[in-house]
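Letters A, B, C, D, E and F mark the chains in the order given here, with residues in each chain numbered from 1 onward.
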Amino acid sequence: MISKNLPVLIVTVPLMTAFLVVILGLLKRKLCYPIAFLATLASFIFSAMLLEKVILHGTIHYYQGGWLPPWGIEYVVDHLNAAMLVLVSFVSLMSLWYSGPSAEKEIPKSKIPYFYSLYLLQITGLLGIVVTGDMFNLYVFLEITSLSGYALIAMGEKHAPMAAFNYVIMGTIGACFYLLSVGYLYIVTGSLNMADLARLLPHLYGSKVVLTAFVFFIVGISLKMALFPLHIWLPDAYTLAPSSVSTLVAPTMTKVGAYVLFRIIFSVFGPHFSLEVMPIAHNILGWLAAGAVLFGSIMALAQRDFKRMLTYILVAEVGYIVIGVAIANRMALTGAILHIINDAFMMSCLFLVAGAIVYKTGTRDIYQFRFLHKKMPLTMAVLIVGALSVIGVPPMCGFFSKWYLILGALAAHKWVFIAVILTSTLFNVAVFFRVIENAYLEPREPAYAHDGGQPEIVKFDEAPIGMLIPMFLVAIGIILIGVFSGHIIASIIKFAIPANI
Amino acid sequence: MSLKALSFLAVLITGALLIYGTLDMPPWGDPNAPAALHVSPRYIEKTVEETATPNAVTSVVADYRGYDTMGETTVIFTAGIACIFLLRRDEDDY
Amino acid sequence: MMDFIVSHYNYWIYIVLMMIGFYGMMGKRNLVKKLIGMNIFQTAIILYYVSIGCKKGATVPIIPEEAHGVIHHINPFNYINPLPHVLMLTAIVVGIATTGVALALIILIHRQYGTLEENEILEIRKND
Amino acid sequence: MEMVHSIKPLLAILTSLVAAFLILFTGERHPNLRDFWSIAASVIKFAIVLSMLPIVLSGKMIEFTLFQIWPHVFLQFRVDAFGMIFALLASGLWIAVSFYSIGYMRGLKEHAQTRFFFCFAIAIFSAVGVAMSGNLVTLYLFYEVLTVSTFPLVAHKETPEAIKAGRKYLAYLLTGGCFALFSIGWTYYLTGSVDFAPGGFLAGHGTANQLRLLFLTFMIGFGSKAAIMPLHEWLPSAMIAPTPVSALLHAVAVVKAGVFCCLRVILYVFGPKLLSDLNLWIILAYVVSFTIIVANLLAIAQDHLKRRLAFSTINNLSIIILGAALLSPEAIKGSMLHIAFHGFMKITLFLCAGAIYVKTHKEYISDMNGIGRQMPFTMAAFTIGAIGLTGIPPICGFISKWYLCVGAMETKHIIFLVVLLASAILDAVYFFPVIINAFFKSPQTSNPGNHISEAPAFVVVPLVITAIFSVVFCIFPDAFTHFFKIASIATQNIMGVH
Amino acid sequence: MIWQLDLVILLFVVICAIGAMMVKDLLSAAVILGAYSFCMAMLWTEMGAVDVAFTEASVGAGVSTLFFVAAIYQTTRRSKD
Amino acid sequence: MITKYEDVIVKTMTRLLIPFIQIYGLYVIAHGHESPGGGFQGGVILGASFILLAVVYGMDEVKKRLPEKLMIAFVAIGVFIYAGTGALCLLFGGNFLDYSKLPFPVAIAERRALGILSVETGVGITVMAVMVAIMLALSSKSKRTRGEFK
């Protein structure tokens, strides 16, 4: 039974647990966290099983309610989906694990059940977006994600409600544009199923309706995934959110947005449409992405606040992915998909670290990170892994996606993109080494350089073990993905790229 | 002031684009529009036979596309929990 | 030409409505006004969807009792397309849910800053 | 060429990685155990590398493929003759530097010793990785790790000045890394391959101008680490680091890795034939000749001993590249030999500078009057290193320079011979005053006098040993490590193809 | 469907929307929004979307307006634009 | 915000109306198969009846009839019924939400109708409770803002 219903179980297990948690919260509040954890763990295990199944047997279709596709809602799991499912559920699992100690400090006790319920809903929504094969179902899950996201972010620090409100407005505009785009497609095709649309659309490539739908889709989803210059809601929202929330939202939400972009452009509209009918859209997308990369890197350099710095890095990373999508040859798409995976891990790692630092020291100002390598050596080790990965130092995964993006740009003769990628690498070096310098080196007077004595005794004071384990797992993941990127490409990504590119 | 001008500009562009899109649309209320021919006829024809529910909207809502509706209910649930989560305080009495 | 306008003016009015709402979301500084704009925007989209389902000379998609059992006599041309309605039920719910959460946020914001004007809030944040 | 599959390269590389983590986990609590790990690992590593020597000497290659990075590109180690030279040099000198740095760090009671030894081990790990990598991607992987792992070493003192030097170091090297990455990508795009082949594999791909540009970006990329002017600026400022680090930077790991990569590109990616067809060699040769002369002139102006040595390093690195750029078999052989021999001589010099600093806290040459009487062993070793670098016979520098000069004559471009000879003279100009100061001038300040007070044995013994080796290699170039034979094999492989 | 009725209601809807946007008093704006929703529901009934109209009448015109009123009651009634 | 509203006519009318509203709400839920309406609309109507009660009689009256914990439980239980129905179909070997596999002793089409009814009930419960919950949350007193127009 389980093996047959894997796709739906991945989504419904955390969903039903979200309801259960609320009821449990009325009875016994302590149970909420373990139950939520178990549900996410189950979801992760199911995703892994599903991925294995997909690799062995190819695409899996699942019909909700037993109704066949154009009439009912269909879940389609191919290589790309399955990988995204594993990715999202893993990152969610890690951040949920991590949120145990973290949420206790940030969320009032009486609200803990609701917190976990919303947390699970957020995870459900993200998984639902990834797994669905229906345009409108995607919208519904997008809204579940957004709504729970609004609430979770608003529970953060002082100015969080305002940030969340801005997010509400921007997010709703994005969702409305998406809905409009679906409506425009529906009026000319009469279908909502992605595969069905992909079959019908090639006959309608000249239609103005489809063109408009495409544009609105791109704008809407760019808002959701915070592509420059529509990213303005992101830094505030993710900085001010509680750290247990930003660890979940920051790595996954933008990546899922990127996944949707990829899925709809290449699986619904088809590579022909975007490359031949509307090449200009690709060009604009590419330039915006290049702008995102540069802007994000430069703005990151201008921040003192560690978490805000990371959010700008996130903006830049979204740019990388979109650069790959915009170049749209095999190499670049490989890079883009790989970067979705890598970036989820990198951002997860860095936000986990940021959360741990805030948890222990209460500061996000990088100039107050002094002596942190003595106080929290393990956390700082993880930070270095994440930072090197973002910079793109080889054994870490960040290098490999950059490599493919560069190869793709080379093949497409887009020299500007190569320059942008390499320049932003240098900016990232400056960004992260500033942090590492502050944390590791203790600027001292030359006179003291040789006396050997420690000017200040800093006690070892690490984050709790419940936060450390997820951090280390993610850090190990970063290295492993880097090391095994060849396998990932050969067994997953190769099949995820549309065949006719 | 510039914010208003800017948003007015954005609105104009968006509106123009949307209207551009409508030019190729089937006429309003056309019974032969693709939307009326492709997926939906089955719902009308088979609703009584397959679900014993004369109201096609209900049968589509709760059965054919029941999964969407579960999502919809979840959205409402999310909103309720979110409001309680955000505004409830222990000392509050309503 | 005239035919075209007659058969399309509906869409244009919806778009005008949408744009009123869109302008409200972007151009208004009062948060509640933004929210009202959001409502208008969403309702206009719903209106657009509902009108996709319209068929001239068709009736509501509830199959009358006398047609039961005689399946092949149900002519889809006599009934309005139910699918957009279904979608829009969902969209309305999403709209009210978003409104609810946004109003909760507005109350929180008002507790924090004592005002609902965006520019004043920015001013307060800057001085903070 | 025959391939031998063996896991030894991986073992040799991993030894120091394992050691690094052992060092990290042992930490400050058991300093003796921690330092034991360094030494044990260095000895084991050298032993493993030595055990591969016979295979290489018999003209075979050792290969080990770890896994696929992406289609057609593997994380692959390949020990050929040229890689063997660098691997032997790095792992052999690590033993000396380990002993020395233990003595040095303890003598000065430096802070953060665990971090120091950890990064040191990682740096050696990646240096040997660079030596043994079988393709450009693997090479780049270790190259970048090397860059990053030496940053904490450069900034070790944590004074504002040191941190500034560290930043400069990173800025130069990572910018270079970007260029290198771009060039590797381009190479892969052009040929679909990144595996090194003796004599190059780029020929026949791409247009001439593309290849010229590619060569330029390659040289900017790897040349930044090899401190070719005008990319040399980081090297003198990195002198702020503790002396074992300077020794590591200049003699063993970093700059040698840069030079090694340059040579790999020149000889194994482009190949001599392609370079001479494109007329690129002459441009490169002029650029490095310029570097040689200018670096020497700048060296004369330095009073800070380590800075003077730094400029001498820049000079010698360019000499090595010049040898490769001349594309004649003798010159290539000479430049390969110079990689090894310069390593031994320069490390001796740096260790001496460090020993002086440990004992007397003196850094400036003008303060060192009469120091030879106080520290005779150290200064004797210094003298050996200095005259070796000038190219005077009983020291091994003579051999490499001899072949370089022969190679320069073969090319019919006498100007390069002139450059080489001029640089030898200039070497003498800035090294001999140091020796004269140390031995023949009397101390300015009131000094303990003539009685000998050497630095600790941990410090002095390594430098004496390296000095002895510098002499031995001149008399028996094939002693122990068979540098000469390996270099001949490598040259044959490269030139034999065409 | 009677297109004259349709057009009239549509115009009314547009007027309500503009009104809700223009009015400076938030409470009035909320009430006008309610009226807007109600007209919308009428329009949909007239288009044959009875279910949607029913929902909109109960949600948009009813509960949603109430939410707005409650929130405005908690915060402030004045608006500067 | 919500305080008692002292007006005899309003109070009496409310008292009279509320049962009718609630019955109508239930009717809408149950009769969704044949006529416009369904779980969502019925739920809103049911919720509206409680909101009316709150507006006229004050919060305490609502709390008496619908304790807070019960309300929160309703929020979860309703949607749990929905998802549970779907999961039940899984247990009986169908796909998610495939009501035809439910073990009702009737024809397949009727099973679906029953499945729809159970699902609609769940929707109704959730929507009712959520409407009340949001209304109450939005009108809860806070220390800084007293319930008065500014």
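Please note the rule applied: a residue touches a chain if its C-beta (ideal position, glycine included) is under 8 Å from a C-beta of that chain, and two chains touch if they have at least 3 such contacts.
Worth saying up front: this structure is predicted, and the values here are computed from it rather than measured.
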Between A-F and B-F, flag the pair that has more C-beta pairs in contact. B-F
Max Cα-centre separation from chain C goes to chain D
Please compute the C-alpha centroid of chain C, do the same for chain F, then give the distance between them in whole Å. 23
Just curious, how far off is chain B from chain A if you go by their C-alpha centres, in Å? 26
Find the geometric centre of each of chain B and chain C from their Cα atoms only, then give the gap between the two centres in Å, rounded to an integer. 8
For chain A, write out the residues touching at least two other chains, lowest number first. 15, 19, 22, 64-65, 136, 140, 143, 147, 150-151, 154, 180, 186-187, 192
Junction residues of chain D, two or more chains touched: none
Can you list the chain E residues in contact with two or more other chains? 1, 50-51, 55, 59, 63, 67, 70-71, 74-76
In their shared complex, at which residues does chain F touch chain E? 1, 36-38, 40-41, 44-45, 47-48, 51, 131, 134-135, 138-139, 142, 145, 147, 149-150
Can you list the chain F residues touching chain C in their complex? 34-36, 40, 134, 137-138, 142, 144-145
Where on chain A is chain F touching in the complex? 1, 5, 8, 12, 15-16, 19-20, 22-23, 26, 62-66
Of all residues in chain C, those that touch chain A in their complex: 18, 22, 25-26, 31, 34, 38, 41-42, 45, 48-49, 52, 83-84, 87, 90-91, 94, 97-98, 101-102, 104-106, 108-109, 112-113, 121, 125, 128
Listed in rising order, chain C residues that touch chain B in their complex are 3-4, 7-8, 10-12, 15-16, 18-19, 22-23, 26-27, 29, 51-58, 61-65, 67-69, 71, 74, 76-77, 79, 81-87, 89-90, 93-94, 96-98, 100-101, 104-105, 107-108
